[in-house]
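Listed after this line are the structures, all set down as structure tokens.
Common to both upcoming complexes is chain A, partnered first by chain B, then by chain C.
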Partner chain A sequence: MTTKTIEELKKIYRRSVKRKVLIILSLFSAIIITMLVSVSIGAGSPRFTEAMQVIFSKLLPSLNLDPGSATTQIIVWNLRLPRVIMAIAAGAGLAASGATMQGVLRNPLVSSYILGVSAAAGFGAALATVFKIGIIISYGKYLIITNAFAFSMLAMLMVYGIARIRGITTETVILAGVAVGYLFSALLSLIQYVAPQHEAVRAIVFWLMGGLHASTWEAAIIVSPIVLLTVILMMQQSWNINITSMGEDVALSLGVNPRHVLVITMVLESLATASIIAFTGVIGFVCLISPHISRMLIGTDHRYLIPCSAIMGGLLLLCSDTVGRVILMPAEVPVGIITSLLGVPFFLYILLSKRRRIWQ
Partner chain B sequence: MKLVINNVSFSYKSVPALRNVCFELGKGEILSLVGPNGSGKSTLLKCIDGILKPHGGTIFFDGKQTCSMSSKELSKVMGYVPQSMTGAASMFPFTVFDVVLAGRKPYIGWSVSEKDIEVVANILRFMGIDDLATRHFNELSGGEQQKVMIARALAQLPQILLMDEPTSNLDIKHQLEVLQLIHCLCRNMGLSVVMALHDLNLASRFSDKMVMLKNGSIFAAGSPEKVITEENIVTVYGVRAHVSLTRLGKPQIIPLEPINPQPVKEIPARIAIV
Partner chain C sequence: MKDKTILTIAILAIIAIAAVVYIINTMETKPEGVSRETGLTETTIALIDGVGRNITVQLPVNRIVTLNSGITELLYALGAGDKVIGRDANSIFPSQVKAKPVVASSSYDPNVELLLELHPDLVLADDMLFYNQEALSKLEEAKIPVVIDNPTNITRIKPLITNLGRILQAKDKAEEIIAFIEQYEKTIRERVDQIGYRPLVYIEWWAPWQSFAKGSAGNEIIFNAGGLNIAAEIRDPAPVLSPEFVVEKNPDIIIRMAPSEARGNLTAINAVRNEILNRPELQVTKAVKTGKVYIYDPVLFEGLRYPVGLLYWAKCFHPELFADMNPEAIHSQLVKKYFGCELEGVYFYPPP
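So, the complex of A and B:
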């Protein structure tokens, strides 16, 4: 037993905060570097300097840089860059949602799909693909996207509705989420089973696997602000999430209502997840694993955990997608497969090399 | 500081848990709530803290109705330490410093100020858990966890501390340590304490006032000498006991046997061990 002076205690706390901020900043720098490398590698790629020239000439026209050939411009600016941005936004949104839901529901197996969102989005997309039925719009290129989004939000509302009847607690939300998820996956299987066209079934399977190959500027511009906004709002809840996990009575005695926290985070999480997977299909695993890796690196305080998970998720998805583009060139491996293949060993390494138990 | 509990009643669904409870608490006083299991001790503490809303009666803090105060306002004047943390011990562990820092929540928006760190560091020192600051809460022993939870409530800088069984799960040394710390806070800093206690001897020794509950109503209230009597214990607990005065001048009980003990039942042959 050694006692510590007040000054020492303060220093210990400040040092731990400094360490967390440093980890977040270094992950952020890693993401920027990976981003720049990623735009310049892959099928038909220009050299790194050429890629940089294209980007900087577009971003800062006043510099009067030579933007290079038209092909290079199309590859870098119209294909690569939106895809890279989409990878970061999707990874960040899914991982931050996962971290938030794991914290709020106090369950390490929870991912951002716990509310049945993925199955519902799949069902919506299948409905659009096979029967051309849309519940927001009824034709055009947005049919699948709007349908997937609408059904994800419907799933969240159903979970909320069911849980409300018995009182919103972590158990009722998890169980209602699992039930709603099963319901939608049964309906999805039914569509696949009765679908008259083989191509449509193939298209559904491909959609469910998820991927970033279809990312356009349009998608990136819609998804990025939603992710940014929801992640900031989730971070705003971090104190409440921290306190909720110390028990319901303690939370109430500190002026925090665990039920309100649960409902707010449910809405934010569904909004982020639904808008991402509507464009990318169901990308799994990032949302489960990034929060765990981050928790092992910087601990449970959600004020740092949520941003760290977001950056970690973005980085992980970006790396996976880049590897997926390059590894079997010119063919592409779906990002979901690579995420698991890369993520699992990394995760196990951190899990096994850490002395402390991360959850009970 | 003055806390007035006036005619408070509460029921779970339609089962009444508290009936017309009244008492008063002044600055620097320690009040123990005693009574058998299910007599309403925990419910009363939760009603005082606003975790449960009383169905009847009012609670006044310095002449102000607590139900008219916001939960944030209330959390700046009252701290609550729940019964053993085993169930609520978080799935994902926090460091001791972070747990105690959570007690500063009523005072902070998002970022932690210099004052918050100062308060937490001082409380860790005062509670003698400064060496645990970087340990994870779930790695601590029951006694250490209890001290951390009290420290967390003290970080709210409350005028009233409400504690539910602060000594359950603790060995006798930790029981005395925890209660002595609380006693010291009351005497030196004017903190007022309401605690639910099972151990009548500890309650008698450390309280200025006692309230004995039976089926949600106050059966006896006043000084320990007035409350801890052989008659009261027979009526409330159904236990014959011997009460004497200790060297400290406080009543002390030795429980003897339950009145109308349950008849010893014959053990069915199927579950008999031999």
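So, the complex of A and C:
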């Protein structure tokens, strides 16, 4: 074994940091390019030039650009752009949550839905769809959204409460999450089974499939800042997550309480996931696979892994949604189907081509 | 050796019993005075149902279980309401039927035990039962004839009424109802054919952007009523459309099915209509600009009410052509004539 001087080690470290930053930057550029492509294609006729004219005329009115017809403006500005932003925000939030939870719970099968959040959100939405029962508000178009959000947070509190009784460890949180998840799935199935109207059942199935077709500026403006904030706060925890992933004893000896880290990240990931799926329905897979792809590309240091997963998730969901919008034009294919169809081959390619073993 | 003898006797005994059972069975299934070749008498009819099954029904039929609201209405219209002995939960019109026991929530999930206890001569269901093969085969094992048809499929309405007319021995009444339907179909077709113009129609089913396209009943009815469906060329019968496609097609008229909880209730129907009128992306369309957004109750396209639904749409697409015809009045007459009651509630809003 050759010994290296401190200088040499620093050089190796700097080189690896440079490589990681480069990967993140190139993923970021890929997102920008995909955004430009995505606003330029669709069932409507506006293409790149028209799309750019509309966007720049709205962003910079002083340029006095011709924004095109009212129809073009609506297609680009009200339909495509909020959807693109929503895809990136949702993908980023779900993937960052997945990366964080996988790290904190030291388990590769964990996704951001591990705390029973998706089943609870589905139950809340179904309650609103079928029985018009809301727990925050009781009518109107926000009924489903607020219900889905409230029940997701409730699921998280239940998991926290159950886990607290036995002491908050990774095992109790995962098992309590699975149990709460099953409870809400059973309640959801019960509603679907007893629902008096067939179309309400169809509406629930549609909601559970998830999708970005309902993205509006309103949704994008609510979800994007929440995702941005929670991802930043998750990144702030990344040192602590790195340390807890070495084991409880190591963490405690370094002055980090793994339970505090677990509780903080649980709250952050539930907040992000709940606000996203309240608007989009349950979009699976991105939150499981993006962290894995990112880990293979960039390693397990959460300071880089969390932002990399976020960008990867945004990219994956945006690509999938764009493909879903155009593949059967003018009909649309739910994003969940495309995410898996595109994501699985990509994931397998990286899995088979990389030599590195991440989970020992 | 002894074992072998016992075995041989046992096998012979089984064969003998089977032979006796077979002979008794064949004797029972051969009614007197019936030729063995066809197996039919005047009291037995053979028909083909809506899913292509060959069914033999023993007449007269006096005990009927109906598992579809449209079929229930047809039974009453054909004067066979008193023969209904069981129903599904959706069959609530005419109001007399509510007194009959419920044996299913829909055709998909009949409670076979409850149904068998009623000893029906005939079960009528829509094609959802076809997807519940277990229940269907249990009914067939019990030798109860099951006729499956779909009164919401416009190509099946007339054959279904003909079949019911034969089963209920009410041919004249069946022909009268078919003539009533054909009369309106003919009038609407003739008037629409006169002018070449067909307005562009966007139809929304049970969720935003969920539409009807090629191969769906909705698509065909739009054409028959003199409109042109914006999704007519899409091969998926019930696609979720891209909103930008709808916006760019710029429909002249938008029609939306009333969700079941809103049916008959004007406030709820108005809320559904306002949601569409206020959808930001639809603001540029002619339909929203001119307020031509209509909500319809799908019951208008079931069974004998089909001409009413067709006329509502035709009048909404071509108000000038049908100024002399009032779909609501026709609907009201129909309900009075066939069900003996007054028309209540809202079925189409706003009136064209």
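FYI, the second predicted complex is superposed on the first by the 360 of 360 C-alpha atoms of A that agree within 3 Å, B and C clash if a C-alpha of one lies under 4 Å from a C-alpha of the other, contacts with A are read in each partner's own complex, and residues count from 1 in each chain.
Basically, contacts are C-beta pairs under 8 Å (C-beta built on N, C-alpha and C of every residue); 3 or more make two chains touch, one makes a residue touch a chain.
Owing to the predicted nature of the structure, the values given are computational and were not obtained by experimental measurement.
K.L.:
Just from the overlay, do chain B and chain C fit on chain A, or is there a clash?
P.N.:
Here chain B and chain C can both sit on chain A without a clash.
K.L.:
Going by the contact rule stated at the top, is it chain B or chain C that touches a larger number of residues on chain A?
P.N.:
Of chain B and chain C, B contacts more residues of chain A.
K.L.:
I'd like to know which partner A:Leu252 touches here: chain B for first, chain C for second, both or neither.
P.N.:
A:Leu252 sits against chain B, while chain C stays out of touch.
K.L.:
Should A:Ser111 be classified as contacting the first partner (chain B), the second (chain C), both, or neither?
P.N.:
Once the two structures are laid over each other on A, A:Ser111 reaches no partner at all.
K.L.:
Using the superposition on chain A described above, determine whether A:Ala203 touches chain B (first), chain C (second), both, or neither.
P.N.:
Touch status of A:Ala203: second partner only.
K.L.:
Rounding to a multiple of 10°, what is the angle at chain A's Cα centre between the Cα centres of chain B and chain C in the superposition?
P.N.:
The angle comes out at 140 degrees.
K.L.:
Contacts for A:Pro330 in the overlay, against chain B (first) and chain C (second): which applies, first, second, both or neither?
P.N.:
Touch status of A:Pro330: second partner only.
K.L.:
Per the contact definition in the header, classify A:Gln236: touching chain B only (first), chain C only (second), both, or neither.
P.N.:
first
K.L.:
Name the contact category of A:Ser320: first (chain B only), second (chain C only), both, or neither.
P.N.:
Touch status of A:Ser320: no partner.
K.L.:
Could you state the shortest Cα distance, in Å, between chain B and chain C after the structures are superposed?
P.N.:
Nearest C-alpha pair, chain B versus chain C: 41 Å apart.
K.L.:
Touching chain C in the complex: which residues of chain A?
P.N.:
42-45, 70-71, 74-75, 78-80, 132, 141, 196-200, 202-203, 206, 213-214, 216, 325, 328-332, 334
K.L.:
In the complex of these two chains, what residues of chain C are touching chain A?
P.N.:
Contacts found on chain C: 89, 105-106, 206-209, 213, 231, 234, 236, 239-245, 247-248, 250, 259-261, 275, 280-281, 283-284.
K.L.:
Give every residue of chain A touching chain B within the complex, in rising order.
P.N.:
Of all residues in chain A, those touching chain B are 1-6, 9-10, 12-14, 16, 102-103, 106-108, 236, 238-239, 242-243, 245-250, 252-257, 295, 299-301, 303, 356-360.
K.L.:
So in the complex, the part of chain B that touches chain A is made up of which residues?
P.N.:
Residue list for chain B touching chain A: 46, 49-51, 70-72, 74-75, 78-80, 82, 85, 87-95, 97-99, 102-103, 105-106, 108, 110, 117-118, 120-122, 124-125, 130-131, 133-134, 136, 138-139, 149, 152-153, 156.
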